[in-house]
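If you scroll down you'll find the structure; I have some questions about it.
Naming follows writing order (A, B, C and D), and every chain is counted from residue 1.
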Amino acid sequence: MTYGTTFPLWRAAAPDWDAYTRAPFVQALADGSLPRASFLTYLAQDYVFLIHFSRAWALATAKAGTIGEMRACAATVHALLQTETRLHVGICAEAGISEEALLATVEAPQNLAYTRYVLEAGYSGDFLDLLAALMPCVLGYGEIGARLMREGHDPAYAAWIEAYGGSDYQALCHDAAALLDGAIARRLGPGAPSIPRWTELAGRFATATRLEAAFWTLAA
Amino acid sequence: MTYGTTFPLWRAAAPDWDAYTRAPFVQALADGSLPRASFLTYLAQDYVFLIHFSRAWALATAKAGTIGEMRACAATVHALLQTETRLHVGICAEAGISEEALLATVEAPQNLAYTRYVLEAGYSGDFLDLLAALMPCVLGYGEIGARLMREGHDPAYAAWIEAYGGSDYQALCHDAAALLDGAIARRLGPGAPSIPRWTELAGRFATATRLEAAFWTLAA
Amino acid sequence: MTYGTTFPLWRAAAPDWDAYTRAPFVQALADGSLPRASFLTYLAQDYVFLIHFSRAWALATAKAGTIGEMRACAATVHALLQTETRLHVGICAEAGISEEALLATVEAPQNLAYTRYVLEAGYSGDFLDLLAALMPCVLGYGEIGARLMREGHDPAYAAWIEAYGGSDYQALCHDAAALLDGAIARRLGPGAPSIPRWTELAGRFATATRLEAAFWTLAA
Amino acid sequence: MTYGTTFPLWRAAAPDWDAYTRAPFVQALADGSLPRASFLTYLAQDYVFLIHFSRAWALATAKAGTIGEMRACAATVHALLQTETRLHVGICAEAGISEEALLATVEAPQNLAYTRYVLEAGYSGDFLDLLAALMPCVLGYGEIGARLMREGHDPAYAAWIEAYGGSDYQALCHDAAALLDGAIARRLGPGAPSIPRWTELAGRFATATRLEAAFWTLAA
């Protein structure tokens, strides 16, 4: 199972895809061996991440080319800022991390590297550059969640795994892939994979994947 | 009646404020003398305007400094793209302008000048520059609507007048003014009006006001 | 005579190209009938224009994809800020307009519309969007200058005509066209004209041309 | 000895300043114990860095507020792209690294983190945010160079030390500090240090310093 038609091609060309989606951190989430402290460190960093991720989708809304693209991106911003970030605060609260503590989190270099790479790709490039840099996060988490659901996992981190492997997030991944496929077709046409721009975008995707792989190490 | 504490000061320093809010077009909306064809020209241009206006609020979401600011801006984007633009399409459909016709509208220079000024102010400046350029539109329409409701008006364009003079839009204006006041306080502190940056921002507001005044002439 | 291979195709698809390059203002420059006051109004606006034009080329430097593209754009910024703007100040001084007066010029809406359109195209789009929006100015002035040199002209505004029709500016136009052609080839490949992106870029060029045509009216 | 009036205050508030300017890598450059291979790794990464650094100064040119600020930033871009990058290619060639090898360098995460942080600060913020993020690099290298010249050093890496400790680079540091001081005064006025914006900018400077400290570890 995969998402859309562009993503599988870019994934195949990203040398660090497995290092990202099969990272030791992911494996330890699956078998329950991940220390609780590591998970909490990850959660706090992920909250800061979500804020910059929301900013990146907002930038995508500003740089979109059609009202349909704008609505798709804005819906993501809305979901992130109104639902996801609040859920995150709730999960962290249960784990004993207050919202104040979350907001005071010092951004790890790996966190900063990925989010600023994405935002800068969007500002310096166009809508496609931004999508290419965003997709490893959106679709990689979907792939990880779906795989762990399929392969079975320890109950310790079941909530996290089910959040990304569950049908809501999987539907969101299909929508994101459709947004990407449509955006590529609308700009580069049916021969997209043979245009130099395609290679450039696949390179953006590969660099973002490398930075996502590094992200897990912030809580190792 | 006015909105917040920053806006009245900037308004007082904008030489074209009356040329904008008391333009012949506005007066003709109030007394019902505006030709229907002019109103339809305005509506079609305003649809294109709304798209760029949504993009500007999305950019504001990306450039905001706190999660509260982000949520306020994203809520505006959401309202514009999910509600306002659809309402607009409905009003235009009733008036005999199809969505295809709307999307095919050639942007008038006055339309283009204002929206690109706002977006460029946002990209080249910071969150405050963007808000300063957005406010003449948001709050000027609120002021016009409230005044015409108060002073009475011909029924011909009552729907338009009541949309901006009504309590929903008026509440939105108070929220926007609070967003502006908070954003200024958070960055420039209590002595804001005596800082050079204030004058620069008031200049942005004045230029945007001048361009809003010119906007009405596109349907004259 | 023309410049490069992309420009003639985009020019042919821009409905306002003749309205721009054969505007009454241009004709009046050629036959010497342009009132001196109109020329001075134009000169002062053009000084403000040059500043935003320099900013746009600086943005292009930031958004370029290769060090060669960066150097080409940066050389233009350097020429504009170190030479062109100073020359302009000199010409205006001779004409009795001080640098203070120049800096105090209130930007005409037509000036503002074009420069902000260019800058926003660059920020919201990518390097190609920015070049597409810049080219009508760079190459249109070259075409006007070359044509007036060829067709003969009254001595009244010979200095202006020779500046743009002369070999230095003509060489600059050939360089700019080569930058554009290379940038297109590097990103869109040999089949560029059949890719949807091409049509989008030609549309940017056409809108910028329309705004350049309107620019002349600020001093009419 | 120091540079300007803003920098010493921000430096004092940046917890990682010493970790950056007195990093083991710097110490090993001074006493000559740095392995040649580490220095070459650093040089290749620094070439990629210079390209993004040039882009950041170009963005600063686009976001500047006065023609004087624009000229100061553009002069830096010009020096970086016409002189510095070519010198760098020369030094690397002597060390046996071809320009092709330089251009093929895979950007280290630490390199990417700093340059994208700077560029994103500039795009999302304003001219001051961009300067605040650039200064740790410009002035930190100046401080390191001046200190090592003063304290004495092994001849092994004398060329590097003299490049940054020499009078040309030191003059450039004084100019950059004057640009910063002027830009702050022009926007925030004489009471700048008591405005919330100042704290925000000092935070940008501190984060950039943290990322500069991490930069050295890429060649450790």
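Keep in mind that, in the parts below, contacts are C-beta pairs under 8 Å (C-beta built on N, C-alpha and C of every residue); 3 or more make two chains touch, one makes a residue touch a chain.
Source: prediction; values computed, not measured.
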{"item": "Subunit D and subunit C - chains in contact with each", "value": "A, B"}
{"item": "Interface residue overlap between copies subunit B and subunit D, same or different (over half shared)", "value": "same"}
{"item": "Chain pair with the higher count of C-beta pairs in contact (A-D, A-B)", "value": "A-B"}
{"item": "Centroid spacing, where centroids are CA-atom means, of subunit B and subunit D in whole angstrom", "value": "41"}
{"item": "Where subunit A and subunit B are represented by their mean Cα positions, the distance between them in whole Å", "value": "34"}
{"item": "Centre distance in Å when subunit A and subunit D are each reduced to the mean of their C-alpha atoms", "value": "31"}
{"item": "Where subunit C touches two or more other chains, by residue", "value": "55, 62-63, 119, 123-124"}
{"item": "Subunit C partner contacts - residues on subunit D that touch it in the complex", "value": "51, 54-56, 58-59, 61-64, 67, 70-71, 73-74, 77-78, 81-82, 85, 103, 119"}
{"item": "Residue numbers on subunit A that touch subunit D, as the complex places them", "value": "55, 107, 109-110, 112-113, 116-117, 119-120, 123-124, 207, 210-211, 214"}
{"item": "Of all residues in subunit B, those that touch subunit D in their complex", "value": "62-63, 65, 123-126, 129, 186-189, 191, 194-197, 200"}
